[in-house]
Amino acid sequence: MNSAVALQTTLPILIPLISGALSLVLWRSRQLQRGISVLGTGALMIASVWLLLSVYADGIQVMYAGNWPAPFGIVLVADLLSSIMVMLTGITGLATAVYSLATISKKHEHYGYYPLMHLLLAGVNGAFLTGDIFNLYVWFEVMLVASFALLILGGERAQMEGAIKYVTLNLVSSAIFLSAIGLLYGLTGTLNMADLAVKLADHQDNPMVQVIAMLFLMAFGIKAGAFPLFFWLPASYHTPRVAVSSLFAGLLTKVGVYALFRVFTLIFPLGDSLTRDLLLGMAGATMLVGVLGAAAQFEFRRILSFHIISQIGYMLMGLALYTPLAIIGGVFYIIHHIIVKSNLFLISGLIYRLQGSYDLKQLGGVWRSHPMIGVLFLIPALSLAGLPPLSGFFGKFIVIKAGVEAQQWWLVGVALLVGLLTLYSMTKIWAEVFWKELPEGAAAPAQQRGGTSLMVITIVALSTMTVLIGVAAEPVYKLAEHTASQLLDSQAYIQSVLGVN
Amino acid sequence: MLEIVIWLSFAILSLSLLLSFVRLLRGPSLPDRVVALELMASLTVGFIGVHAIASQRFAFLDVAMVLALTAFLAAVGFARFLEKRGMHADD
Amino acid sequence: MGGFAWNILLALIWVAVSGNISGAGLFTGFVLGYIILGLTLREVPVFSAYVRRVPKIFMFACYFAKELVRSNLRVAWDVVTPTHYMKPAVIAVPLDARTEGEIALVANLISLTPGTLSLDVSTDRRCLYLHVMYLDDLEETRAQIKQFEARVLELLR
Amino acid sequence: MTEWIAALLLMAGSLLMMLAALGAVRMPDLLMRMHATTKAGALGSGLIMLAAAVFFGSAEVWARVLAIIAFIMLTAPVAAHMIGRAGYFVGVPLWGRILRDDLKGRYDTDNHSLESPAEFNERRQHEDRRDQ
Amino acid sequence: MLYALLGGFGVAALAPWLHQLFGRHSGWALALWPATLFIYFASMLSGVNDGPVLVSHDWIPSLGIQLSFMVDGLSLLFALLISGIGVFIVAYAGRYLEQHQDVGRFYAILLAFMASMLGLVLSDNLISLFVFWELTSITSYLLIGFNHEDAAARRSALQGLFVTVGGGLALMTGLIMLAMVGGSYELSTLLGQGDVIREHAWYAPMLALILLGAFTKSAQFPFHFWLPNAMAAPTPVSAYLHSATMVKAGIYLLARLNPALGGSQLWLTVLGSVGAITLFIGIWLALRSTGIKKVLAYSTVMALGTLTMLIGLGTDIALSAAMAFLLAHSLYKGALFMIAGIIDHGTGSKDLRDTGGLFRAMPVTAVTASVAALSLAGVLPMFGFVAKELLFESVLSSAASWITLLVVAGTAMTVAVAALIGILPWYGKTAVTKRTPHEAPPALLAGPIVLATLGLLFGLFAPLVDERLLGAAVSAVAGNSVTPNLALWHGINVALGLSALTLALGLCLYFCRDQFRHYTRFTDTLAKAGPERGYDASISWLVKISAWQTRFFQSGYLRYYLLIILLTFMALVWTVMLIHWPALSMGIDLRGIQLHEYALVFVLVAAALAAARSESRLGAVASLGAVGFTVALLYVMFSAPDLGITQVLVETLTVILLVLVLFRLPGFLRLTSTALRLRDAMVASAVGITMTCLLLFAADARLYDSISHWHVAQSMPGGYGRNIVNVILVDFRALDTLGEIFVLALAATGVLAMIRLRAEDKSK
Amino acid sequence: MNMPKQPDSLILRVTGHFLLPLLIMFSLFLLLRGHNEPGGGFIGGLVASAAIALHLFFTDVQSARRLIWLDPRDLLGWGLSIAIASGVIAMFSGLPFLSALWTELTVPMFGMLKIGTPLMFDIGVYLVVIGTVLNILLSLAEAEEA
Amino acid sequence: MSTLLATAVGVLYATAIYLILRRSIVKLVIGLVLLSNAANLLIFTSSGLTRYAPPLIPEGSDTVLNGIVADPLAQALILTAIVIGFGVLAFAVVLIHRAYEVVKADDMDQMKDTDT
């Protein structure tokens, strides 16, 4: 095995692990931890770009942990989907790290904010890169426990209440996942995903195989926040520090989505199965219920949280339609969504800093006082609603085009309606926060702290990406296209992992 | 002959396990349940011993070793906090 | 404990010399070391005390085992038969043991003998509170316990 | 021969465990249940371990078994003491036919100190004098 | 071409700075940009009859999305209108909004809007057309809501956005379908595929979707309600949106796609009837209104209806009429809106009833208004007359008689409306106004004067306009070469007669306007119950439904979440299992089970049940301990010593942990009713049974042996260890273990944060 | 400080003092032999944690903290670092992450020993487990005492 | 035997689910412990049960094990799962402890204000 390949596939996990471990070692020094947080996430981003570039150039990269052959040891597999997700993690991680410098309080820094953040990233990247189903469970848990801890950092009542639901429902999901792994292992005697794909290729009709597919659908559906399994998300996402919300919003549900994409292209390819029909229904319902949930809200982050759900629906739609174009759309949508959603949360934090509230009724007048923030909000907000020429438009366009091609009319209708309703929510925020005058007796902003410019820089960077993904959609599309063809051709994946035999 | 004895031992230990479980269920006080739990730990040591003989693999004795050394901690913990906090209405 | 440490050292040297790194090797080394200590260093007080104590410990173990069996049988009888013959009581027994180690050892060994259970030691460490199952006669029970304590202390001093 | 000894030890140990369990069920109060479980339980499991040692016969197993027995002998009385004491002090009801209770009233729950009989009597006298 | 468009966005972005640079002259300075564009487009006029000019740039070639542009008669007509009127609007805005604090921002949005509009009409690619289409919606949203402290302005802006974007989404789908059917996203290609497209099975749905987009944008009935509400915008915006741009986008699209989609009976019926109804309703409502801008806005609705109807009729003459009417309308409507702004600016009045006799104070404005109104009324020799003649001719020749009737009635009412605007404020008794009326400055007057004058000149030189501009446009709409033959005088014919008739009727109506208003009051109630009510109702229903569904799904009760998840779980699993029921068999095997194994399992089960049923917290913990020990024993019994040890240790520590924590918590209370407990018990049992069934089925369905034989074989030679489990943990699958210790460290960090932060808070 | 301290138990304290080193030694024993017999980093770490839990029961948090002269948080950090380092070492020789490197060591008295990075890894695991349990137990107990 | 264990696993799942459906957060946590045990036993059962053959190579026989051996891979997985479960549980226990301190009630119904 080429050691450069091994290195670049390992780094996206290793860097945050090392950063996390070092931050724990240096827990006494806040300053060093801050330094590590930016350096570590910066290095992570560079490493992830390196990985993506080489996967794009040289195809699927495989790292055999411990130098043990597949399927006996654990492999890390970087195909395009994985490396795209890893790169998005790098971007979100760096953005969050920079933003955190300005927003995270000293006591939270003292009690492990940075190690938690790094290890969340490690868990997320581990989940994206691993080629082993049980190892996926392990990374899921790393990510989950990190998110548990980040969620309660602050100790407020709402955080506790949210965290209990979040923890319980996610543990139920983990239990289902673990049970599914147990049954699958009993059935096939292997854990390596490529090996599973090979062994199950001729057994897709086996009822137990299909039942296990359902278990995976459940487990990942919960993590992804799909209907009717999403309850943990709106219960908790608006409660933590905003940098944390942003990180969660960008990455956590996407790990579930990623897992669905991976499992249902590689191990249980969808085809014309019952699973596919279910997933189609799930996608539509997820979009609709999420967006309607948002319409009822009057709190900045709650609106955004419900929109995560509805947007997950589009990604699921991409997977469920299961045509090359649809998968392209799903991948494109994921890329777009991670950046946009993180950014919107960051903006909510910026406005919180200015006006001291997340409640739309307590906010107002930002368009007059800070027009640039208005522009910075409009970009991701309109992108989220799928308006051109921003990134979200193309995501939606591709998915809907795929829907039209597949003649899934009702799903296309739902997707369109959901776009409109998303716009409704975004304009609600716009009208209330930016246009409306600041109401009498609104909440006072907290004591001014430095670093607002860091927050703005982060937001500008992410907004620029949103614009760029829209304006220069061709390379992103090409990337998504390659990704989709890789996903639909599991032979290449299997070949890369298991070798010629 | 040994096989029969092993079988008998298992049977007796099983019965003992059931009995101690009855105490665990019936309580009535928390210390009673803790005593029952302690006994179950002892019984587990016994089970492991018999199993080691039955399987002719003494590696299982290691489980008993750890159990013998640490199982009492649970009881001590219970006792410690009972003393500190007193009994609750529902214990 | 100097004697015991020497004995262990001898055992280790035996293991090293013999090249037999195993439980059996160590055991052999230990026994050999003990005999050598007993033969060669009789005159040194530390070692002679150690050498003399080992048989005592053995004797005590036998005594203890006998007690264990005897009183277990009594409890067994009570448990198995339908009638309860117990005469339980919580009694205080004055302690001769002085150091904490002595007290703890006495108390634990008492607990291990059926029919008696050490509940607690008074804060001034002069008295041990026991739960006894068969208080036939208070003074006799106390005497038995004092005798037991004396045997334990004999080992330690 | 070893098999016989092992069988014998096994039976004895098992029966003792049975005794402990029966005691746990049948004895009328917490402290008396503990008499059964602690002693019979420790001895029973110890005997079963000895059976194993005899059965395997190797020094390795003997070392393990002796360690296990030592551990049991070390820990069982401590646990018994802790539970018994806690049970007593939190007021687990004792069997109605208890003959005497020297501990009664000698435990100060505020600073967790336990008087010896001598101290107790001294305090009693002191209080009596004060009352007069 | 691309630079002309992107430059617009660039200038828009720079506008706030340019505004600061030029101060109060920024209006004229920024007007230079549309002026430049106008000249640029005008220079293309000469070549317009030589066929379309195509320019293409790659955008997303893989998706067929290009930044490609087509300049033909139609797009050039629109481009000229947009840039030409834009010049005056920008200049006008500079003066009109002089005092406004956000005027820099206003320029930015206005110029961005202009650029989007130009992009829309010049795009050759359906998707880039759609992109610009949506951009006009967004920018007009910002323009309509420009006075955003006003709740009504916010509401109107949202309404406009919601209706147009909603339609836009339908349009997108329609365009996707169109491209799929026609095999290209390029209009230049698609326009030649009319036959293929009209024959396709998707024609009707595709048409419906595209029309939905066009109708919403162009305020056709029943979507006409948003347009008058959009008057909340500052007057320059209204002038621009209503004269040349936004609302004409839908018309542009219909005209543009006519060669591809038009000509069918469906097209004729839908466009004809919707257009005619819109025409009539628009002018009816205009006549019923008294607000100056409102009157103008409803008359715009009428114009849009007319245009739609004409495109629907689709004959050469109808298309000629459409283009002529479009041009005429742009000129007079732009002028009149700006004049409305001047009245507002000069007098503070927004209502016709508050005005009168303004001629004395502002004679230039008055004359300009009258000239523009003449064109609106379609009086000889205005260009409006030319257009009206063509309108009558086309209706007479090809439309159903009820449409003709509506058109005649509508035209008559238009005359009355023109009189309302052109006569009422200026002549007669002088009304008392809020401000002392004064003549408007040149920046405000320039636009109206030029546009009104053009209305006159184009009428006088109609053939020239025909030859230079409209001919090419009509040909583009028709898809083949058409000579509209525009002329001021067509001789005495039915159309002229109708013209005279409507003029007379209209003047009567004007003079009897109070009676008319009085007798037609009843329609107000109808209007109130109209589509705007529908819009409001659907928004409030949306809020209600979403509140209800959120309460239903996101109830806050963890156990309902769990119940839903568990029921879903069982539904999924059992669906699959029942479908395959015959193929499933349970691997039940009770042979060889030893007595003590039964006992262990029994105790395990009983202890679990006891933990669930326990009335005491620590009793439950003790039962948990019993579960732990039995599980550990089972691990030992089935050859897993490491698991046994770990289980024992973890169990002990768990119990210690629980004890440590639980002593702080209160005792169990019976919180739920027996019925609920029963329900939960049933669900729980069902899940348990499901899992058991899964295990039993799986036991019988084993497909392959485990790969673990490799680990067994490699443990010594590869991992140098005799404890295979440990070798797996620290070597073969060390990555798992690595992740797992991080889980532990994370849990510890989280716990520490929870406890210490609390402690710090307490100490404060 | 007016809160009652936990009741002292001489029996528990003395026996505990005796058991403590025994448990620690036993945990090391389990750690080191884990590669060949039941045991390993986890099991060893859990036993060591149990030892300190025992210490907690017969003394107080302060002295339990003193017992492990490092802050438990350091144990976490160092344990993780050691585990990672054991995997990274191989990468310097161009081998993939977590590849085992073994060396044969001749120690007087013990003869030939095979020492490898997996053992180092297991030591990391051991430390993390101790760090975790201690962090949780001690801070909970602290909250209890506060 | 796997049939018997499958039944036990079912009961464990059932009791775990029943407990986490309660309003009491304490019961919730106890349910989570049972759930983790249930999943572990499920893997254990599913991967096949073997008596008397631990995956330990006896000292001296430095070669491959002969005959049937219990599946070491499944055991390693379960061990990992047990430890992860322990970590998560420790967190959950402290979480309910804190939640109780903040909310002052052992009742999930008092913790539903964050959602809507």
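Each chain carries a letter (A, B, C, D, E, F and G) given by its place in the written order, and its residues are counted from 1.
One rule holds in what follows: a residue touches a chain if its C-beta (ideal position, glycine included) is under 8 Å from a C-beta of that chain, and two chains touch if they have at least 3 such contacts.
Note that the structure is predicted; figures quoted are calculated from it, not measured.
Each step here moves to a touching chain, and the least such steps from chain C to chain D number 1. Relative to chain C, the most remote chain by averaged C-alpha coordinates is E.
Judged by contacting C-beta pairs, the busier of the interfaces A-E and E-F is A-E. Chain F has its Cα centroid 31 Å from the Cα centroid of chain D. Separating the CA-averaged centres of chain A and chain G is a span of 28 Å.
Separation between the centroids of chain F and chain G, computed from CA atoms only, is 24 Å. Annotation for chain A: residues touching 2 or more other chains are 17, 20, 24, 65-66, 134, 138, 141, 145, 148-149, 152, 155, 164-165, 168, 172, 179, 183, 185-186, 191, 231, 234-235, 296. Multi-chain contact residues of chain D (touching two or more other chains): 22, 34, 38, 42, 58, 60, 74-78, 81-82, 84-85, 89, 112. Multi-chain contact residues, meaning those touching two or more other chains, occur in chain E at positions 550, 554, 556, 558, 562, 598, 617, 637, 639, 641-642, 645-646, 649-650, 652-653, 656-657, 660-661, 664, 666, 668, 691, 695, 698-699, 706-708, 711, 722-723, 729, 731-738, 740, 742-752, 754-756, 758. The complete set of chain-chain contacts reads A-E, A-F, A-G, B-D, B-E, B-F, B-G, C-D, C-F, D-F, E-F, E-G, F-G.
Contact residues on chain E toward chain F in their complex (touch as defined above): 641-642, 645-646, 649-650, 652-653, 656-657, 660-661, 664, 719-723, 726-727, 729-731, 734-735, 737-738, 741-742, 744-745, 747-749, 751-752, 755-756, 758-759, 762.
Remark: chain A residues 134, 137-138, 141, 144-145, 148-149, 152, 155-158, 160-165, 167-168, 171-172, 174-175, 178-179, 181-183, 185-186, 191, 231, 234-236, 238-239, 296 touch chain G in the complex.
By the touch criterion stated above, chain A contacts chain E in their complex at residues 17, 20, 24, 65-66, 68, 71-74, 76, 107-108, 111-112, 115-116, 119, 122-123, 126, 130, 132, 134-135, 138-139, 141-142, 145-146, 148-149, 152-155, 164-165, 168-169, 172, 176, 179, 183, 185-191, 195, 199-200, 203, 206-208, 210-211, 214-215, 217-218, 222, 228-229, 231-232, 234-235, 274, 278, 289, 292-297, 306, 367-368, 371, 382, 387-389, 393-394, 397-398, 400-401, 404-405, 412, 416-417, 419-421, 423-424, 427, 431, 434-437, 473-474, 477-478, 481. Of all residues in chain F, only 8-11, 13-15, 108-111 touch chain C in the complex they form. Of all residues in chain G, those touching chain E in their complex are 1-24, 26-31, 33-34, 37-38, 40-42, 44-59, 62-65, 69-80, 82-91, 93-98, 100-101, 106-109, 111-116.
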